[in-house]
Structures are given as C-alpha cells and as structure tokens.
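Down below are the structures I want you to see.
After this come two complexes, each holding chain A, first together with chain B and then together with chain C.
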Partner chain A sequence: MQPDSRPFEVAVLVSVGRHPLTGRARRADHDARGLELALGLGRHLDRLQVRAVHAGRHDSGNDTALRGYLGMGLAELTLVEQPDGADVIPALATVLTRSPPQLVVTGSRAECGEGSGLVPYALAERLGWPLVNGVVEVESIDNGVATLLQALPRGQRRRLAVRLPAILSVDGAAPAARQSAFGPAQRGELAPLQEAGVIDEAFAEWTFSPARRRPKRLKIIKATSARERFKAAAAKAEGGGGQVLSNVTSEQGAEAVYKLLEEEGVLR
Partner chain B sequence: MTDDVMTGIARRDPRKEWIARNRLHPEHDRVLAELGKGSAAAIEWMGPHGVIRKNPHTAGFIGPSGLKRIDRSGLQQGGAPSVAVRARQESRRRIDIASPAFLVAVVPEMGGGRLSHHDRDLLGLARQLADADPDRPGAVLAVLFGGYKGEGEGEPKERALGEAGIDRLLHLTSDEYEGFAPEARLAALAAAERELAPRHWLLPDSPLGGADLGRRLAMRLEERPATGVWQLEADATCTLGWRCTARGAAGSLDIQRPLPRVALVLAECAEPVSDTLHAAEELTLNVELPANLTRIEDLGQVAVDPAAISLGEAEFILSAGNGVTDWEGFHHAAQCLGATEGASRVAVDNGFMPRDRQVGATGTWVTARVYVAVGISGAIQHLQGIQSCEKVVAINSDPGCDMIKRADLAVIGDANEVLAALVDLVESRRPQAKRGESRDAA
Partner chain C sequence: MLETLLPILIFAALALAVLGAVRRIRLWRQGRPARVAILGGLAAMPRRYLIDLHHVVARDKVMSNTHVATAGGFVSAAALMILVHGLGFDTPLLGGLLLAASTVMFAGSLFVARRRLDPPARLSRGPWMRLPKSLLAFSLGVFLITLPTIGVLPPGFSQGAGHWLLALVLAALVTWGLGEMFFGMTWGGPMKHAFAGALHLAFHRRPERFSSKNGHAGRSTGLKALNLENPEAPLGVETPVDFTWNQRLGFDACVQCGRCEAVCPAFAAGQPLNPKKLIQDMVIGMVGGSDAAYAGSPYPGKPLGEHHGDPQGPIVARQGKALVDAETLWSCTTCRACVEECPMMIEHVDAIVDMRRFLTLEHGNTPNKGAEVLDNLIATDNPGGFDPGSRLHWAADLDLPLMSDVKQVDVLLWLGDGAFDMRNQRTLRALVKVLRAAGVDFAVLGNEERDSGDVARRLGDEATFQSLARRNIATLSQYRFLRIVTCDPHSFHVLGNEYGELGGNYTVSHHSTYIAELHDAGRLAFAPWKGGKVTYHDPCYLGRYNGEYEAPRNVLKALGIDVAEMGRSGFRSRCCGGGGGAPITDIPGKQRIPDMRMNDVRETGAELVAVGCPQCTAMLEGVVDTPAEVRDIAELVADALVLESDSGRSKHRNQPAFEEVT
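The block that comes next holds the complex of A and B.
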C-alpha cells in the first residue's frame, strides 16, 4: 500500500458542458460522473485527495458551470489558464507530469467543441499510462493495482485489473453525479495556474454547422422482375430457411436449442 | 417441329403444332409432351416463328384457396428457392485486385465472431475509398481479431468475407487478443502499419469495437482522427482527396474537415457491398509480434442479474406467450439460462407477466441477439418488435404458425416440456463449480 504519509491522489479533468436543449453552459455530465467516481474512492482509501483540473479560460459565461463541480464538495478547482482556441492536451500533460497523481479520471467526451473524446487517449499516450474506458466502478485499490468494472453494451459488466498510475474514462453508464450545492459552490476557490497555450490550428480551418438530421436509409431492392419488386414491397417478415424440428422428443428439441444457445455464447 | 438428325435442319410438323395449340384436341397432351421433348406436359416450346410459346394451362399449381396459381418468377420449375439464392450469389461479379495501388485498412468490431451491420457499412465505405479511381484500384484489408463464426452451416470464411467486400485479410487468432486486450491489439495494428502501410484506417465508432481501439491507434500513429464520421465526398484540395462530415460536440455539431488517415465511422455511413465478390486472400505478418507487457488484465465478465437489464437492451431474451402454462417452470428456466424475461401481449394481458416485459408494437422493440419465443404464435404486432433480433428460436406446438416461419430454429412440441428438458440439460452440463456459485447467489 501507499505509505500513509502520502495521500492517494486523484486528478479529475473537468470541462464546461452544454445543456442539450437550452444550450446553456453547465457542468458536463460525464465529467461530473467522473468526479463522483473519484469522490467515492474514499470508501477504499484512508487518505484520499481529489483534485479537479480544468484547462481553458474562465469568464462569466462558464463561472456557474465550473462552480458546479465545486458544489460537489471540493474546496478548490485548479484552473489551467489557456487562451481561446488552444489545444488543451499539452498544457494538461505538463500539469500532470509536474505533480503526477496515481489516478486520472476523465469524461469520455466533451459536450462542446470537437467532442471527439481524444483527451484521455492523448494523455495516456503522452504519459505512457494504461487507459481504461467506460469505467463504472472502482472495486478496490490494493498494492498499486486497481480493480475496476467496465461497462459493456447491453448492460453487461467486465472486471479489469489495471496497474497504477492509470487513466480512467467515464461515460453515461457510470452512477449519476450528486447534486451541486449552491453554498459550497460559491465558497469554493478557482485556483489559477498559468500555462503556455498551443493554438489548435487545424481546428480553426474546419467548418461547423448545427447537426443536420441524417438521411434515413432506404431499402434498396435489387429485383429483375416486376414480381420480385412487388414481393419485396409487400413482404412480410420471413426468416426463410430456418430449421424446423417436428416429431422430436422434448429432450431432442432441448438439445438442439441448447446447441444453438451455446454456439451463440449466451449461456453463462 | 423435329430436328433432322442428318442435316441439322429444323423440320416442322404443322399438324402437331396445330394440335399443340388446340387444347381441346384429344391428342393434345401427348403432342405437347412430344414437342416438349419428353417432359410430362410441355410448358414451353418453340413456335413456328421462332418465338417461345407457353402453355398456361399446364403451368402452375393449385393454391391453398383452390385457385390456380402461376409463379412467373421461374422459381417453381427449379423446385427449391435455394436455387434462386445460389443464382443470386453466382451473379455477383468476381473481383480480384492483384496488385493494389494502396490499401484501405478496416478493423471490424466482429461482435459475436461475425461481421455486424456496422462492419458491413464500414466495408462499403472502404470500397468507396478503394474503388474511387478505376485505373488505380486499392484493396480493402480487414484486420480481424479472435475466432470467426460462420453463418449457419459453416459458410466458408473467404466466401462470407469476400461478399462483404474484403480483398485482403489479416486474421489474428491468438489468445492474447481475447477479451479486453487493447495493448496487444494495438501492438498488432502498429505492426500492420509498419509492414503494410495502408493509406486509410477505418474503424467503427462503436463502444465495443473501434471507438476505443481506433482512438488508441490514432494516437500511436500520431494522427488526429476524425470521429463520428457519417459522410464522405471526394475533394481534390484535401491531402487524401476526401472530405468528411463528422458529428461533434455530443452529436449537436457537424464538422466538415479533410479526411485524416484514421477515421472512426458511424453506422449507416454507406451501403454495404451487395453485387461483387472479393478474394479475401489471407495475409500474414512477417515480423514476430513482440510479447506484450500488459498492464491491464481482463478478469472476465461479471454476472449481472438479467432481470435488472432493461428489455430493450437485453442480449438474450426468453419470451413467453399464451402457450406457456407452467409459469413457475418458465421463471425457473429464465433464471437457469440467465436470460431476460419477455412476454407476448396475451401473457401480459392475462396477468402472468408485468407490462414492462411486453415485446412488440405496443411494448418494447427488442434488440436481442438471441430471442427464444415459447408458445408465441407470431402475430404481426409481436414480430415487429423482434425485427432486429439476430437468432430467433421458436418452441411451439403448432407447426403452421408465423413464428416458426420467422425462426432460425423451431422445435415443434409442448412448450412446458421442452423448457423443462432444457433446464435439465443446462443443469447437467454446467460445470460443478459454477453450479455451486449460482446457488450461492440465489
């Protein structure tokens, strides 16, 4: 275990989100879930220190959004000051290498800007740390190894063990974040940290437009005769070529079903 | 009309032709058979002007309602529809790209060991990139991890993959790629990059497949990937000759940008390949892949209570209909198989199952990979709800019902007995240790 003199340090990277309907700045949903996950680590550790880090500019437009994180029970939030249009990855990497935490928690993607979800991957590559995506729970931290639960599609979970230091990214499958309390949010402190900004030039060259609705896929019917076209248009759902077992005992039937289930790998 | 064997000149017999046209003639059937060269009753023969004549009275069959039906698609003569299926496959144009100008690498997600719809769309897009210049065609290289499972009775791998549009195949089946192994997979992709240097890398932007691996790959190749790409258009001013439209900012923005080397692509980005057949020729990497020091260890899937998974999300559903009478047995079977429970409307209306378990038009549209319908007749409202299921198993006592037509495997028999037999089978086959564990959990 860690020597008791040094607390277990977790850095949570937080961004400014955007409400999907009103478009107002808010704490980003995935990032808030990440902070919730980090704050919950207190269950496993005697001494836990959670540090929230935001890289960007602080202005009146995003003040409430950033204070939203403070309202979850933090005394301060590190603000790595960056000019508008800067690539935040170099600055974050510098800050994290200067005082490396044991764990970095991020959301899976931002709610504005490019929102490509690359930040954790870029940091993992730069720092050379392992990365686990879609984390829903940290089960234990022991001897520099964290045991995690990762979300799979269809509500499934997978258990992973990862060597620390590591980066965890969190998406919508993780437990919802607690409410942000107004008083602590106002009392909390935004601690600025100057860092040279690298302007993201490629980003400036792209064109942006509100998302267009994607065209609905049409069913393309490749038929050579009118009859086939008619049949395709009026088709009822049909499997065609399914195997039918009649006049079998229920044991034989069950055997066949069992074989299919096993082939599909759904039996556990 | 008879062929003169000696001279090869077609000789006509006007009288026989006349009889063949007059179906009331007493010798009509015999003459027709003669003209049709031996088939019991000729359906087609060459007329006096060299035009094919058909006799509609001998064609066709008596339909279920007692009316005569003629199937003009030509299927009926062939006997089985499988002929039509085969003909369709044979009609695919075979394409071999011997010396491709460049490679388009695709890493399909291969959920359940076979190509998903998303993968097929992605391969369609890869073909667009590869075939853009007919004089200098590129080849589509697919990198597959893990075992491949064929459709049904083991369709050959090359055939199935070739039909999806794959020219070259790199199939890595070692154990180290199983489960969550991003480091090993990334090392393999990096080796492929060094050796084959594809011009494009395309991955599906899907949680299980490429979303994670693709971002790792891009960072390793020091490329800035385009994520959530859903449209491509040729644009000569861009480096790679293509411009893409990608979703950004949690799906609320469209970003137009030059296509980078690595692209993560959404489903339905292109039409899947449907009329060509490619070679799917297997490649191997020359370099020995270095043994990886893995810092992430996969400890396996965790048992999740299937009843806690929402019906729309469940992967394996056991669904009950009006044919189920032994409800205790049904619930026990679902628990034993580890399946999420579903129901038809009748089972719900009769109060045997809760409303949120109803599958169908007025219930939930399910997306299960395996759907087992027990005693469900397959009303259209129910079938609508299971449209996107991959494998459907029906257990029903009525061999004529619609569910059987939809099912990939149908067992005709009493639902309750078959379920009980299935439970016995699963319990007897399950490894001893696991059985103890599940009893603890229960």
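The block that comes next holds the complex of A and C.
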C-alpha cells in the first residue's frame, strides 16, 4: 500500500514532434495525449505529481515544441541532456531508476528520427516493468494496481489491471491533448539534467528520408446498393486467408513467411 | 429660512460630490496605467461631446432633443443656482436666466418621464425609473425657490403658517434634486454617466475615432499589442483591475440605454451575450458584488443573481461561476455594432478581446474548434491546416506574377485564407480577371503569404497574431509596391490598422474601393445589368471598422444596379455571424445569425445579395432555403466586363469569369 503522504508520481516521456505537412517542430501528438492522460489522473488521486521528461538537446529549433508541453500546465520539464545521435534509452533508464515514478507514460512512436516505436518496450525491458500499449483511460488506481482501458481495433476496448510501477503507451485513440497556453509555456522552466550519452553507432550509418504514407491494400467493393456498400464498410476484417502454424521449426516458419511475402509481391 | 438653508444644502452637496469624485477617480486608477494626453483630452472633450457624441445621440431625434433640453437645462441651472442661491448673486437677470434654464430642464424631464411610462425592453429599470422624478424635482424645486429673486411671489409666501410648510416642502424638493444630481453623480447613481462620460470622452482609449476639425474620424483597432518578450508582463485581462484605468472609466460611463443590446447579433440570436449587461458586470467587478441588482435584460439563458465579482478576483472562473461566463465572451462576433451605437463611446469589443486573451494565453481554453484552428495557424500559417505550399493551387492556370519574381509592382494582391476555400477561389479568379481587364500591374505573394492573424488575434492568441504579423511584415519589406488590394475586409483591417504598431505601414484598399477607382478612371467598362433586384450586405470590417460604405455601392451603381437597401444597412448593418472567430467557437443560441441576416435580405425581395467578404459569403451561403443568391462584388463586375478587344464589335455580356472552374 502507498502511504498517503507520498504523492503519486507519474513520469511522462515527451519528444519533439514534427508537423506532417510543414515539418515544423511541435509537441508530438501522442506524447501530448500521454501528458493529458497523466494530468487527468488528478481525478482519482489526491496528490498527483506529473513530471515531463525529454531526453535530447534543447535548442532554438525545438524550444517552442518543448514549451508546448509546459503550456499544458506544468511548471517545469526535466531535460535529460543528450548529444545528437545518442541512444536515449540508457539515460532515460538511469533517470527513471534514480527516482522511480509509479507510472511512466509515453507516446507510441516518435514523429521524426528513428520513429521505431521501441522506446517503451526497450525501457520496460531494462526496468523490468510491465508495459501496456494503446491505453486510452486509467479508470482507477488502488493499492498499487491500476485499472486501464486499452484500445483495440474498431473501437473495441479491453479492461486490464496492471501492477505498478508500469509503463503505459498511448496512441491516437487516447483523448486529445488540452490546448497549450502561451503564458505557462513561456514561464515554465526547462530543468536540465546532465546525463552521460551513449552514442548509437548504428544510428550514425542510417540514411533518413521523409516517411511516406504506408501503402494500403485496395479494397474492391462490388456493391450495387447503398445497403451493401454500408455493410462492406462496416464489416469486420475477415481472416480466413491466413494459416496458423504451431509447433513448427524456425526454418519452416521462416519458409512460410518468405512464401507469403513472395505471394504478396513484397519480395520479388 | 430658505436663504440660510440653500447655500448650506448646495455646498454640502457639492462637497459630497467632490468627495465622491475623488473616490471614484481613485477606483478607476486602480486599473493598469494607460498613456493618455490629459490636457489635450480635456481640451478636445467639448468637441467630442458636441459633435461625435451628439452625432450618435441624434440618430434618435426625440431622445436627442430631450437630452439637449434636460442636460443643457441642468448644466446651466446648476451653474446659475450656485451663483444665485449659493453665493447670493440674486440679481433679477441671473434669476431670470435660472428660471428659464430650470423651465427648459423641466420640459426635457417631462419627455424623459414620458419615455419611462412604458419603457422599451432595452432600457434598464431600477434606479433609472427614479431619474425622471428626480429631474422633475430638481427643476421644479429650483424654479420655485428662484421665483422670489425676480420679485414674482405668490401672495402670502413669506407670512403665515403656510410659510414654514412651504419652505419645508421646497427644501425637501431641492434636497432630493441635489441628492440625485450632485451627490448621485459621483456616488454611483444614474447621473454617474454625466461625470464618467465626460471624462471618458476626454481620456478615451481610442482617441483617433473622434472626428477632427479637418476631416473624417480616424480608423484604428482598439487592440493594443501585448508585450510578449517580458515573461512578467500580463497577458490580457484576468481581474477587473487588469483593465486600464481609462477602460474602467469607460465602463462607468454607461447609461444603460440598451442601444447596444438592440443591435447585438449575438443577443438577437439568443446567445448568452448582452453588451449592456457585460459593461454593467465590469462596473460590478470594480467594486465587487453580485449582479442581482442589475435591472436590465440579462444574458439570454443566464438568470440574474448567480454571478459575483471581486475587484481582485477573476472575471472568468476556471471552474464554476465568477463574474462572467466564458461563453459570454466567446459569443461576440466583434462586429462593433454595439460600439457604433453606443452614445457614450464605450469600446465593448476591445474589452471582450482583452478578456479572451487571458482565457487563451493563460487558461489555454479557447472553446470548440478554437484550439485546433490556433494549432493550425501555428503549424501551417492558415486556419484550415492546409499545406501552405498549396496556396496558389486555385490559380494554377492563371499564371499569376509572383512578387518573388517581379520584386516591384503597383498593386500587391493579398489573397487571404480564402485562397484555400473553393467558394472564395471563384471570387479571387473573378478579381484577377477584373484586374487584368483594367491592365493593372499586379502580383501576388503566393506561397510566401500567411494568414493575416485576424482570427488568431480575435480568439485572443496575441502570440500567434504577432508571429504571423511579424513574418508577413518581413516578407512584405522585401518588395516594393504602391498599395495592397484584397478582397478580404479582415485582412484589409489587420494589414491597414493593426500592422502599424508592429512596424508595417501600408496603403491597403478593399477590392471594391479599387474597382470603383478603376471604373472612375475609365479603365473598366460594364455591360448594363440585366438581372433582378439586388441588395448589398455591408461587411463589418469594411463598414463599421473602416468606414467604407460608398465604394461598393458606387461599383454596383456603375454596374447599373439599383441597390434595394436592407432595413439594417450601412453603419447599422447586421453582422453575418462570421467575425471574431464566432463560427469557430460556435456558442449555441436559439437561432443562427446568418439566418437572421438572410431574413433581412428576404424582406427586400432581392434575388441576389452582393457581398464583399469571404466570411460573409460563406456564412450567408450556408443558409438553407435561401431567398437570394450570394455573389461577391468582384464576381458581378467580372460578369459584366466589356473587354476592350470586343467592345468595338459587339457589346454582348462577357461569359462568367468562373466558368472554367469545375
């Protein structure tokens, strides 16, 4: 049980986002939703302490973006200073272990850079904490157990109980972030924290190009009436075409995957 | 007995009035400092009163004459009374003048009383119902006590038992009158308007709005740029003391005549705004208290007595209720109808935007689509969140000259955000056609153009406004042009009147003004109008904000159109509902403002309503079951163009300019 005198601490990991049309730095949409989720925990808890953490460099190019988070009502943002090209996982893990919060909230994927979506997983592995992705709501927090709603495709929700401390990641299904206000954003402080940077060697060799929209399989609807078109639009994705492989060797599995990729025209 | 009592009464009332005045001035001065020309303002006050204020009051002839008689009678009676009864200069000449003055005042007061028999809904009741009686008491009392000075005395006035009784009655009448007129003037009675109103005229926050001896009133914005560099500088108005002292003085000048209420489109639509109540709430806020004693129409849907204010407390509570609800402030379309009608020259709209600034910049609480629009403006420089690189897509086939290529040009055509709107693109194409027909040397900024910042500023986001404005000014400074022409009155107002404070001074014309000039110069020829009845809708930001009522009408006249005016046109034009970010914040009411405006159109029987603003076009075209077509002036002109090449051969009407757009 948590002693009542200690505030419930939530750390929200925030990154510098990038507007899809103009490429301007901004608060990242998913991270801002994560912060919104954390700030909303005040409904359940008497004493809530939300800490926003950004690992990276602070410069004039991303100042407005980082202050965008402060504008949501934070007095300060912890800035874990890291050189360019550093792997932020070790530094974040160190910071989080040094003063462990009960909950860590992240977005599901960065809007620029590597954008692999692996940060929450890598952190969860390092810290040994459970991870829940696609969280849309924290329903209650009792005796070190949080009851969560997780978003599943097609608007479905799944209720989960997770033992704290835990990492939650949120995506576009979570409630939209509140407006960032200019005044608090300007007054809020970026509190720097020096942390040794571990340069990601592999990262330096990468070439970056703007992301393109993922190709989508064309869905040919042969409906002739409005009713059929509606049914087709509302229909659940049907499986059926797949194949469940169990108790197979890795070679067999790889072969099946290879065959599928060839069929789909991904590999030629 | 009266001879000894009167000077005491008069000077006691005067002393109390002075004490009250000092207290009231100190109350106003609790507000933020404001740079005001004190002596210059006081010197200009009589002219502002006699010309500008009277010009507004005279729109209601009966009331204007009533006020001239009552106020003129009172001022002269009061001055003469001090001389005659206070200081004892009771010569027959002064006495006679005093009798005449009080008679005039009495006559005026009778008209005031008559209006109060069955007052229209816009008038406040409460203490205001008492005022005509007080005016009558004062004028009658002064008249009667002055009769002895010219030797006209009812027989037996100074003898017998009736003497004391009569003297007592007279003393009571005079005391009542003095109490209302002198004491009440500075201690918060209805006569407060005279004291505060006079000073408000002198120390007005927007002195350039008053006419000068050598011409028209200046056009300006009332919105002052905020200091965003200093993190300690306040962002907008949170509490009543955050208003500047002369704004507070302005609130106190309100006579609660309700002319603003009668013209406010939001009030008529049943949205929770009443400009008169808002100003009264600001007065309540200055001293603290509840609005239960307010005796006029409330905000629609908001009962009286539920809101409380505090001089140092927030005007809008983050949660729950304070002095004013946020939705009241967000209902305003910033159309300035209230400002135009206000006989006390109060600036309602600027006060509303000042309070909105705090809500947006400090609370981060712009309702409905507000946050999204502001985010779009920050990220894409246009409110719709469109790719800024697609600003010229509508003109892909027009081969428009770009400023970045030509560098120097006569006319810079400012497109506005209508460039992203398919409806307004038709207007823009028509305008381009007109400019080309007239052989105008023009160019556009193209993708270098950004939103002018109008919406951001009216939504209270001064930071985004200044960011957009500074970048626009930097872009414009690279090029040479004689003037800017735009078909968007909002851009017109912002570029012309609001960029100056940030260092951008330009000659800006609305396209109707420019087309009128081109026509006058003989550079455009029109085929005669063959359509039906046409009416014209004045955009607020062109008309009330910038005084341009004539040019659009002249263009329509040149087209051969005889405009069938709506009941509310010109300076009384009713807003389309599209200004001030109102469609974005979208506060619910009982009906929609554009529907009301289209009803005005329907009453004229017009088949077509000419407009000169992309917002108005969008709002009026959004009305279902519409009685009239909505066309921009540029489109009408483009349709009627007779191009020089074919003018020699045939005078047939040109094809519509927007034919090629599908």
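In this section, the second predicted complex is superposed on the first by the 209 of 268 C-alpha atoms of A that agree within 3 Å, B and C clash if a C-alpha of one lies under 4 Å from a C-alpha of the other, contacts with A are read in each partner's own complex, and residues count from 1 in each chain.
To be clear about the criterion, a contact is a pair of C-beta atoms (placed from the backbone, for glycine too) under 8 Å apart; a residue touches a chain by one contact, two chains touch by 3 or more.
Just so it is clear, the model here is predicted, and its values are computed rather than measured.
*Asks:* Look at A:196 in the shared chain and tell me whether it touches chain B only, chain C only, both, or neither; answer first, second, both or neither.
*Replies:* In the superposition, A:196 touches no partner, neither chain B nor chain C.
*Asks:* Looking at the overlay, what does A:72 touch: chain B (first), chain C (second), both, or neither?
*Replies:* In the superposition, A:72 contacts chain C only.
*Asks:* So in the superposed three-chain picture, is A:157 touching just chain B, just chain C, both, or none of them (first/second/both/neither)?
*Replies:* It touches chain B, and chain C stays clear.
*Asks:* For A:21 in the superposed arrangement: first (chain B), second (chain C), both or neither?
*Replies:* A:21 sits against chain C, while chain B stays out of touch.
*Asks:* What is the contact status of A:181 with respect to chain B (first) and chain C (second): first, second, both, or neither?
*Replies:* Second partner only, chain C.
*Asks:* Should A:244 be classified as contacting the first partner (chain B), the second (chain C), both, or neither?
*Replies:* Only chain B is touched by A:244; chain C is not.
*Asks:* Provide the residue numbers of chain A that touch chain C in the complex, in ascending order.
*Replies:* Where chain A meets chain C, its residues are 19, 21-22, 24, 26, 71-73, 178-184, 186-187.
*Asks:* Residues of chain B touching chain A in their complex?
*Replies:* 72-73, 81-82, 112-113, 149, 152, 179-180, 182-183, 207-208, 211-212, 215-216, 218-220, 224-228, 230, 247-257, 268, 271, 274-275, 295-304, 308-310, 313-316, 337-339, 369-370, 372, 380, 383-384, 387, 391-393, 395, 399, 402, 404-414, 417-422, 424-426, 429
*Asks:* So in the complex, which bits of chain C are touching chain A?
*Replies:* Of all residues in chain C, those touching chain A are 228, 231, 235, 360-366, 370-371, 374-375, 378-381, 385-388, 461-463.
*Asks:* Quick check on the complex: what are the chain A residues that touch chain B?
*Replies:* Listed in rising order, the residues are 18, 20, 109-118, 121-122, 124-125, 130-134, 147, 149-150, 152-163, 166, 202, 205-212, 214, 217, 220, 222, 225, 227-228, 236-251, 253-258, 260-261, 263-268.
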